[in-house]
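Shared between the two complexes below is subunit A, which pairs with subunit B and subunit C, respectively.
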Partner chain A sequence: MAHPLPPGLTQAEVAFVAEMELVTIIPRQRLESIDLLSGKTPVLRPPHRAELPLWLALLLKKQRRANIVPPPWLHPASLTEIILRETKENPEAFSPPPPPPSRAHPREPGRARRLAESDADISPPFQPSCTAAAPAGYLPYHWLEVAEALLAHAGDDMPVPAGEVRSLLRDLVEVRAAKMRSSTSQLEGFGGGLMSLRGVGAMELAESRGFVLGVVDGVRKIGASAEATRREEEEAGGGRHDDDESDDDMGI
Partner chain B sequence: MDIDDILRDVDPVIHTIPREKRDLQDLTRAWVAERSAPELLHWPSDGLFERINNSIRRQIEKVEEMTGDMDPKTNFALIVIQTELERFKYLVRSYLRARIAKIDRHTLHYLSSDELRSRLSEMELAYATRHQALLHNHYLSSFLSSFPPGLQNLNDTAGNISMIDTPDLESAVFIRLLRDTLVEGRGVDSDGRLEMEESDIVILRWADAKPLVQLGNAELV
Partner chain C sequence: MSYYDVDSILTDAEKIPCTFQFDIPDLGYLENNPGQTLKTGARVGLPLWLAEMLAIANTGGIGPDDQGKSFVAFDLPPALGNDVMQALKADPRAIPIRDQSAHFYSLATHMMDLSDEPELGTVLRKTFVTRAGEIALHARKAGGGGSSKGGASEEGSNLGVGGAGEEFLRGLDEWERKLFRKAHDGARAGKEWMEGVKKF
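This part shows the complex of A and B:
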């Protein structure tokens, strides 16, 4: 078999995609711009900050050529606020994703607009949601992967001891995993055609993908004959009063 | 006049995403979509893979040149270039393997109509036809020739049941919306329609999600 995996990304593949997120670093040595396949890297002149993809930032950090600036949402105050929002304010749904980068409208004070029309197609991991300019209090799509990578390799760059951030992250993972599990119980009544999971993270999706898609497909297959009858009735005209007829059709 | 308009007049490049970054984003999106969709998607028609293959080849040549250069300053640049090259090659390989797996599973289906054949690239089409011919010859020589001649057809459509396996187009997928759109989904007990906002993640049947993905209003996740 060329690719024996079922459809959908595995956790390792999700981590691979998450490594393309941009993060801010503070270089410790000068480095010229390198010509990569995805464009030129910015010139590194300490102490000016630069934005690099996570995989390159981790490489530089391991060789002690740079320090990584943790994104604002990873700060304990921001994490505590998010945990509060997840548990108290909105116990059903996940907390909202970060808003896209925008700027104040020059002629209409109080209104913001998108940075450029061509940015409308950017989505994670190409949105700058893990740099030092990202908004605090929102969890980006790849929050778990980026947080784990930064804690593992750049724990000394955190403003507080890494243990504190780690325990807050564990709490957050628990809360959201509980929500994911309870949302699967909603699937049992997956009568409607669609279900929204606004704000869910990449790793959480990857972990529960097999189960959730299995349940949805199973419900669809079990209810296939019921659905077919329902569609035939709707097509034949909704004003039918003869309900007994459908019972006879479904009969043995 | 808006500051943005002034800037755009002076330097039209300033607000557009550079070509290489857009290629990487397209490649990643194509890879994620191909890995998540239950059926084969269209081969990118804007020459994306030709460009990427050429740049990979040029980069490999550059690496070979730099390896011969014993200067310690280029050593680090070499490591970075090689790491990124391996990441790109992994993406391309995984994308091609996902497509070949789908073609293998339902070869006759993808060779059956012109619209489906147009989704394959030329090399994939050649592979599919030759692979199917080989399989057919193998079956013929092993057991098919001993069947009665009326039952020897591998793409038999008589008797209301087609012998060709088709992929299940109604399986569920996750999509992320790129714009605010109206999303309609068919379900067992009722059909749902909701106005969804950007960056919503929705569980949907692939047959309902396909028009959204093709228009560019949503992407597979």
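This part shows the complex of A and C:
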């Protein structure tokens, strides 16, 4: 009956999972490949960029063995663009997640094709969305966690002072939290639904899960008796309807 | 609703105005007339569980014209009365519904199960959803020690003036308190994580 933890991942767990995200680093020292459970890390040779999991990148950064290249979407210009989109252009929805990786079509100029053939390869956890190659202007699934970690530990690698990025990030968090709060207001009338949660990050979900589920559950309980009445009516009047349908099927 | 749900048990204890449809001998003490007969039409407040039983139970027809009559007929409790509903329609946030009943929504859903009140459902749904948004706003800001200076999103709310926010929170019923707790736990855990990032 009473579970010790609410459903879903907690914030600490989300932050832990986010450390698997790949980020781009510029190594300062040579390092041979390490055989990790998740696969071999690339060999690090100083002037060449490499992609490492966030936790390893932060470790090397703290030991001053590497610099982290912040993902393009964390650039102030990109953040400003996203905030503008969230507040002015489309204040009703969250900004969309990054598009699947694609490359210009070799024979047909102006057309692009997706790199991955199946959808399984491009869903958020497996898509390298925090590397230097990630598109600007789109927030990946683990945007808040990665951004906070990078700001806290690799603030000197940012192209602009970290404080500037941080204040933009705070604005974005507030704007989206307000949207999350109002996302349930469409449940007001019958037949209304939740606002689409496409593009919401893992940390935001962890924060608002309890609240949103609570509201939905409350609305369900309030509407339970009306729903039961409606069902009964439908069943009473629906018997004939079902017969009609099956007759149609027979006719075909 | 679980058997051991304390809120559900407490909801069952809420008083419902009932009208007796029979003369009942020796029940006069309910109306402060010990030893007398309780007359037909007497209005007594009974707890929800008892009112439900008496209203549903069939008397089996004591007299010839009593067929299908139950012992009592119940009305909506004052907490769900017309005045409150009109006020909720006007502004859901203005009413401390805890003053009406500490288990307002659960009482209301129970009453809707017993009698058909389509309008009640619509008003309650609107009330709950509107107040939920306000609750989330308070939950995010409460207990933060004023550490987060707000963005544009907070403008126009009655936060920061102190008194108004507190008054609203005092007027939450049990469902809403649970909701507030959930929202507040989420927001607090988020804040804790954000402060803990640097120590990692």
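The rule is simple: the second predicted complex is superposed on the first by the 212 of 252 C-alpha atoms of A that agree within 3 Å, B and C clash if a C-alpha of one lies under 4 Å from a C-alpha of the other, contacts with A are read in each partner's own complex, and residues count from 1 in each chain.
One rule holds for everything that comes next: contacts are C-beta pairs under 8 Å (C-beta built on N, C-alpha and C of every residue); 3 or more make two chains touch, one makes a residue touch a chain.
In this text, all values refer to a predicted model and were calculated from it rather than measured experimentally.
In the overlay built on the shared chain, the residue A:Arg220 is in contact with subunit B alone; subunit C does not reach it. Among subunit B and subunit C, the chain that touches a larger number of residues in subunit A is B. In the superposition on chain A, contact of A:Leu56 is made with subunit B only, not with subunit C.
Look at A:Met203: by the touch rule set out above, it reaches subunit C but stays clear of subunit B. When the two structures are aligned on the shared chain, A:Gly8 is found in touch with subunit B, with no touch to subunit C. In the superposed model, A:Asp171 lies in contact with subunit C only, and not with subunit B. When the two structures are aligned on the shared chain, A:Gly39 is found in touch with subunit B, with no touch to subunit C. The intersection of subunit A residues touching subunit B with those touching subunit C, taken from the two complexes, comprises 1, 190, 209, 213, 219, 223-224, 226. By the touch rule above, subunit A contacts subunit C in their complex via residues 1, 6, 10-12, 15, 58, 87, 148-149, 152-153, 170-171, 174-175, 177-178, 180-182, 184-185, 187-190, 203, 206-211, 213-215, 218-219, 221-226, 229.
Across the interface of their complex, subunit B is touched by residues 1-5, 7-9, 13, 16-17, 19-20, 31-32, 34-39, 41, 55-56, 59, 63, 97, 100, 106-107, 115-116, 118-123, 125-126, 190-200, 202, 205, 209, 212-213, 216-217, 219-220, 223-224, 226-227, 230 of subunit A. Contacts from subunit B toward subunit A in the complex involve residues 2-4, 15-18, 20-21, 23-25, 28-29, 32, 35-38, 52, 55-56, 59, 62, 76-77, 79-81, 83-85, 87-88, 90, 94, 97-98, 100-101, 104, 170-174, 176, 178-179, 183-194, 196-205, 208, 216, 219, 221. If you check the complex, the residues on subunit C that touch subunit A are 2, 105, 108-109, 112-113, 116, 118, 121-122, 124-126, 128-130, 132-133, 136-137, 139-140, 150-153, 175, 178-179, 182-183, 185-187, 189-190, 192-194, 197-198, 200.
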